[in-house]
Amino acid sequence: MSKPSRNLQADSRIICEVVTTALAEDIGPGDITSELCIPADYQARGQFVAKQAGVLAGLEVAEECFRQLSARVTFESYKQAGEDFKVGEVLAEVTGPARALLAAERTALNFLQRLCGIATLTRNFVTAIEGSQAVIVDTRKTTPGLRVLEKAAVRAGGGQNHRFALYDAILIKDNHIRIAGGIKAAVEAAQQGAPAQLKIEVETTSLQQVEEAIATEADIIMLDNMNLEMMQQAVEIVAGRTLLEASGGVTIDNVSQIAATGVDLISVGRLTHSAPAIDISLEIL
Amino acid sequence: MSKPSRNLQADSRIICEVVTTALAEDIGPGDITSELCIPADYQARGQFVAKQAGVLAGLEVAEECFRQLSARVTFESYKQAGEDFKVGEVLAEVTGPARALLAAERTALNFLQRLCGIATLTRNFVTAIEGSQAVIVDTRKTTPGLRVLEKAAVRAGGGQNHRFALYDAILIKDNHIRIAGGIKAAVEAAQQGAPAQLKIEVETTSLQQVEEAIATEADIIMLDNMNLEMMQQAVEIVAGRTLLEASGGVTIDNVSQIAATGVDLISVGRLTHSAPAIDISLEIL
Amino acid sequence: MSKPSRNLQADSRIICEVVTTALAEDIGPGDITSELCIPADYQARGQFVAKQAGVLAGLEVAEECFRQLSARVTFESYKQAGEDFKVGEVLAEVTGPARALLAAERTALNFLQRLCGIATLTRNFVTAIEGSQAVIVDTRKTTPGLRVLEKAAVRAGGGQNHRFALYDAILIKDNHIRIAGGIKAAVEAAQQGAPAQLKIEVETTSLQQVEEAIATEADIIMLDNMNLEMMQQAVEIVAGRTLLEASGGVTIDNVSQIAATGVDLISVGRLTHSAPAIDISLEIL
Amino acid sequence: MSKPSRNLQADSRIICEVVTTALAEDIGPGDITSELCIPADYQARGQFVAKQAGVLAGLEVAEECFRQLSARVTFESYKQAGEDFKVGEVLAEVTGPARALLAAERTALNFLQRLCGIATLTRNFVTAIEGSQAVIVDTRKTTPGLRVLEKAAVRAGGGQNHRFALYDAILIKDNHIRIAGGIKAAVEAAQQGAPAQLKIEVETTSLQQVEEAIATEADIIMLDNMNLEMMQQAVEIVAGRTLLEASGGVTIDNVSQIAATGVDLISVGRLTHSAPAIDISLEIL
Amino acid sequence: MSKPSRNLQADSRIICEVVTTALAEDIGPGDITSELCIPADYQARGQFVAKQAGVLAGLEVAEECFRQLSARVTFESYKQAGEDFKVGEVLAEVTGPARALLAAERTALNFLQRLCGIATLTRNFVTAIEGSQAVIVDTRKTTPGLRVLEKAAVRAGGGQNHRFALYDAILIKDNHIRIAGGIKAAVEAAQQGAPAQLKIEVETTSLQQVEEAIATEADIIMLDNMNLEMMQQAVEIVAGRTLLEASGGVTIDNVSQIAATGVDLISVGRLTHSAPAIDISLEIL
Amino acid sequence: MSKPSRNLQADSRIICEVVTTALAEDIGPGDITSELCIPADYQARGQFVAKQAGVLAGLEVAEECFRQLSARVTFESYKQAGEDFKVGEVLAEVTGPARALLAAERTALNFLQRLCGIATLTRNFVTAIEGSQAVIVDTRKTTPGLRVLEKAAVRAGGGQNHRFALYDAILIKDNHIRIAGGIKAAVEAAQQGAPAQLKIEVETTSLQQVEEAIATEADIIMLDNMNLEMMQQAVEIVAGRTLLEASGGVTIDNVSQIAATGVDLISVGRLTHSAPAIDISLEIL
């Protein structure tokens, strides 16, 4: 039996829903070209071939695209989410009516290339800090409508998920602090009404604020856009009493130095908002 | 009165629908932090400030995010879609209940940064071929669910839209040709049943195929992944009898040379699949 | 293997959606009569019998009605879309739980009778112009919500589809012309921003306008409500340089004369807005 | 204050929903022609002009089409549902952005022409039986998805509605009778479980069955496809003890004779399944 | 073959829709705990065990919860809707992936406990009046969104359904009477436009009103919040000419006395608005 | 300015959606009785009057019911969520078209009575433990589809919310423990992949398990169905190192004793699964 582990694939009900919307967008009343040029009963076989190396994510989303167009499609995956692939590797093979294959092709690739892009970029960040205690986490800077899929791709790349949305975390940011009248007031307000299962995280921009935060019973302190030296000092001040999250301006070049400061979490917006697509093609045989 | 021109904004009904989905994704049962830290009647004012230079697109999508959360929001835009902005420029100002502003902030920025990224990248390509006859066009390599928005962003950047989806064009690609039994057979099949208002475009990968295509009555010939020399020759062969579209491997470095070959359309997938987000923040005053 | 040909059936995903809505409308919380009078496990068999001669369309829509109500239904079609049927012919047979058969019956027939009505009327028009070069095309004068189904029925009757909607064609009509400041101005405005794959069609109401249109690079000229003589002259003026579409006031009585003028397309609104239903019944055996 | 009366317009929430679907079908990602040829701020005014005489229904549906596209539309109705109009009469006037008017035009007319067609045909049947005690009622033979609208149009024409769907009536038809084991068994089964507020109607095809039905406590007896003589005899047999409904084969030519037999209800399927559209146009001024 | 009988289960299409909404509410982006603690391929078996005696309803709704999460679930019911169960009885057994079982558990139980609660309370009322002619009927005081399910549970408990909603009955209440200008005026207004298949019910609060109602041709008279003596007198006044419905303040203590007055229908709001949940648990083996 | 505090009302977007569904369920194609008996332009005024004492919740949901039926409704609330009301108190007043008032009445009351029932029951529990450190929290035992509303009603009654759903908490229950191989293994598995913002709660059924749980770094320990003595001992064992939650079998009679043991949280399923409705009526003036 496999060991328990966080799913590297998104929930199948959500995949189903997102794919339905995407196919409606691309096919609408029908794929005119294939109807005109390809007989309805023509069978075809295609292979997903990597044109760039990367880390796999989202293959189950691509599969769903074909399945929604024809019950007669077979889809065989040769790689699991989270596995590396090289240029030229065949990731999966799909067989079925040619019209279904061609109608789903673009939508399937749009998902797959984007999600592999996210997994691959995440893997790069994770690799860069190997040996440290820190973990790479994502943010809410995702593509509207695709958050569940993109957060699964981050997991496939070896990162962990930060909060999913506004409803599953208490993250007190600069504006909350200013309006509430300071870190102490904000954290106390949160403590009074917060659901018991949620930790309280506070954003800080100075060491002074870190000291204020540590004086409350906040569970996580975010170091927002601090330089390496400040992060280092924050780690010393906190001395393990709370989790520390580095946030802002994290790049593949500076991430290992950030990890070396001793922070626990490093959140990286670009994992989801700016990962370049990985080039993958569907080759019909 | 203004001159007629293709909308640089997406259809408002579609914006409304996409934003509803996006807010549901991010807010779900509620924004716990703001409810706990900010009084319900606290009013705030925020400015969208550019942290990078770019070309504006999607501001109306950002506006809709706030409007859906509160009828008491006012939103003032200082720039139009398609206009340039510099680092530090204020793009728009939003006023209303602080809880609404903070709850919509991330979703609004996720849209705005992505769409400005696409407009900006498009503008770079358009600028690179200035002086040529060619136009930059987009592809179907868009984010699932956001195609209408992303195609409007391409227009804001100065590009033109290619087909929207599988239903509004006849584009005969390699697989259609192979299955139909050649270019001639495929184009003839299409001509027999095609809706009269659609042109017929054929993908070619060799000059031999270009000659075959020109012998049919295809309206547009796509030159798929040809090098500059082949494109040049194709232009000479065709001699203005059909439109020519260059496609595949187009980068900001080679696009002006491609334009110089005399092709009519240059389609660029990366406009929508790999445009990096433009950094914009909402600063609460 | 069959030859490629435009589908005579609508896209199955769209059929599924339209049928779901229709069944919800007719069944709602439940079919009280059958629940009260028929045992849950009673099996029945029914035949769709033509009470009038006609041309078949929409049988797959009728089938879907039964399938959505019970997984234990079998449905056998004896005719294909586009085939003629005579009075008394059995078009299909359905077997399954009697409650499901009776609950789906009315909805299935409402679809089938309407769609056969459209196919049959289309066939009449197509037959009337046999021997000419012209083709019968449909319009956007369809039943709201059923356009995909009704356009498939037109194809089943031997007609071709004109544009599907406002998004897949550029059709410059009288109001566009007046507001844009004339045919020349309107066509030029369109040419500047039009997606490359779409032809430009212009509506004209006088020979003077036909000449203006031919002077632009419009691809199709619509002759709106012209009499036979004017159409004849338009054909001579245009002399094959663009496609010509006759539109307005087309009836089964004048369509062959219209075709004889040499126009290319004859669009007929009544195919979809006024086709009388064909009488078909479901006889439970 | 007005007197109570059955609404001649459909429920506004349902109109809203049906119109949203219809506009999405016809506009989709956008009305390309108007965007290219008409400035965004161009204002226009249009009049709905009758090209045929008829009875008005559905004007509120047409209005909703424009309202959903622009908040700046004004719509003035000159006629009420149920009123007659002559050739050339102006039914309503709409003012607003030209793009919104042209984008909604076809959808608005598709609804209006169909619904006026139903109201007009209903009025013809109602007029034909004036002076009798009978009322004209509709059936479930409506356009899938438009039943609420079409039943309101029947009321506008002066008819009454029969059951809306399978859930708001107990109508025991031939198949129920056969499966239940006869009229007596079927009616008794229904009586045992029927919700108290619903009458029980039984379909009969012979005078023998009428006698059987009258022996039960059925509230309404349907005379299915009987000739005039049989109907006459049925009226005599029943002698006012239940309501009698004539059904099947009712035309404008035989309806007054049917009414003269003394039946209470005459149901006419063609009111909704085969009413020809009334020609109405939107003339932009 | 079974005898015809009103379904004790709700329509499967409606169950499917309600369950989809409920699972989305409870699972959303994913069941984090099970993903972290339970291997994806771990199989489990669970039994629904009654912790209280009761009457079964809604088991098919519980089953649907599991089926929507995994195609590999098997579900075996040991009891039918409407059957009694005792403390400790096993109602059903479900086998499948442990993650699916645990993710569906709470939602399945929320449905099952509520629906068994309604069936059980209904059974208590039905039992209390055994031997009388009266029937227990429900009201529109149901949980928003669950009416179809709750009305099926009432049937499972042995009650009958009153009107489903505002559209399938004419029930003239105090406010209708006052606004219409009296019982006579209100009933006559209703008679003029009412769909023929619906009976007319009138609410009365005094014997004077009962006399007024009987003078019209109302089909059912509701006795609203009358005491036993008044009900008795109403029964005498009406003398079988219409149905009589007792309504208001019905409890398990007074229901048999109410039935003894001779009324036909006794409507009980608390069947659906205040039935306590029956304690049932899912025990994983 | 008001102090920050957890909303006592549900999110307005969710209220809107739930009410739309509920009105569609109850009104469907139309409220026949009011259409027949009440003139379209008749205005009315109604008051929500308490027939029982209670705590207010859900008035904004009732208001939304009326607003969705008519833009001409005015609604004035005399009480805030969380306030007590006595028998006979007027909670709110609504004015508008009589048809809208009567059509929304039942749905509005169905929401209001249920939500006030929950708030009132919660208040009783909260009052019963006044003076202790413990807080009353809710569970996931809510009505499918209404969770957001019911959790707001718990807050209105003075309780706090526990986790909203499966996605915003890590709650390791008996089955997770058994499958993972013990408390230690389960907590460690969770710690490895858990999103950082979520605490880890572990369910225990024996003091032995409490000791095991305290040895891990679990943040909350649930005492499942323990008697008072065991709870007392658990409090002593834990000695403030984690939060303690009492769960199972909590009634209004034993809750103060449970609170006296020193636990931090007391979760009460019956707040939402079995709260009797509070009797409130809408009296039309």
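Letters A, B, C, D, E and F mark the chains as written, and numbering starts fresh at 1 in each.
As a convention for this text, a contact is a pair of C-beta atoms (placed from the backbone, for glycine too) under 8 Å apart; a residue touches a chain by one contact, two chains touch by 3 or more.
All values reported here derive from a predicted model rather than from experimental measurement.
Colleague: Indicate the lowest number of steps between subunit B and subunit E, counting one step per move to a touching chain.
Modeller: Minimum step count, subunit B to subunit E: 2.
Colleague: Which chains contact both subunit E and subunit F?
Modeller: A, D
Colleague: Which chains sit in contact with both members of the pair subunit C and subunit D?
Modeller: B, E
Colleague: If you list every residue number at the subunit A and subunit B contact, are more than half found on both copies (same) or fewer than half (different)?
Modeller: Copies use mostly the same positions to touch.
Colleague: With residue numbering as the guide, point to the option in B-D, C-E or C-D that repeats E-F in over half of the contact pairs.
Modeller: Repeat interface, by the over-half criterion: C-D.
Colleague: What whole-number Å value describes the gap between the mean CA coordinates of subunit A and subunit E?
Modeller: For subunit A versus subunit E, the centre distance works out to 45 Å.
Colleague: Measuring centre to centre with CA averages, how many angstrom lie between subunit D and subunit E?
Modeller: Measuring from centre to centre gives 33 Å for this pair.
Colleague: Show the residues in subunit B shared as contacts by 2 or more other chains, in ascending order.
Modeller: Residue numbers touching two or more other chains: 3-6, 27-30, 35-39, 42, 147, 164, 167, 169-171, 180, 189, 193, 195, 198.
Colleague: What topology does the chain touch graph have (line, ring, star, complete, other)?
Modeller: other
Colleague: According to the definition already given, which pairs of chains are in contact?
Modeller: Chains touch in the following pairs: A-B, A-C, A-E, A-F, B-C, B-D, B-F, C-D, C-E, D-E, D-F, E-F.
Colleague: In the complex, go through subunit F and note every residue touching subunit E.
Modeller: Residues of subunit F touching subunit E: 18-19, 21-22, 25-39, 42, 44, 98, 102-103, 106-107, 109-111, 113-114, 117, 140-147, 165-167, 169-173, 175-180, 186, 189-190, 192-195, 198, 270, 273-274, 276-277, 284.
Colleague: In the complex of these two chains, what residues of subunit A are touching subunit F?
Modeller: Touching subunit F from subunit A are residues 3-6, 137, 160-164, 167-171, 180, 189, 193, 195-199, 201, 219-220, 243, 245, 264-265.
Colleague: What residues of subunit E sit close enough to touch subunit C in their complex?
Modeller: Within the complex, subunit E contacts subunit C at residues 1-7, 10-11, 13-14, 147-148, 151, 164-165.
Colleague: Hey, which residues of subunit F end up touching subunit D in the complex?
Modeller: 23-24, 27, 29-30, 35-42, 68-69
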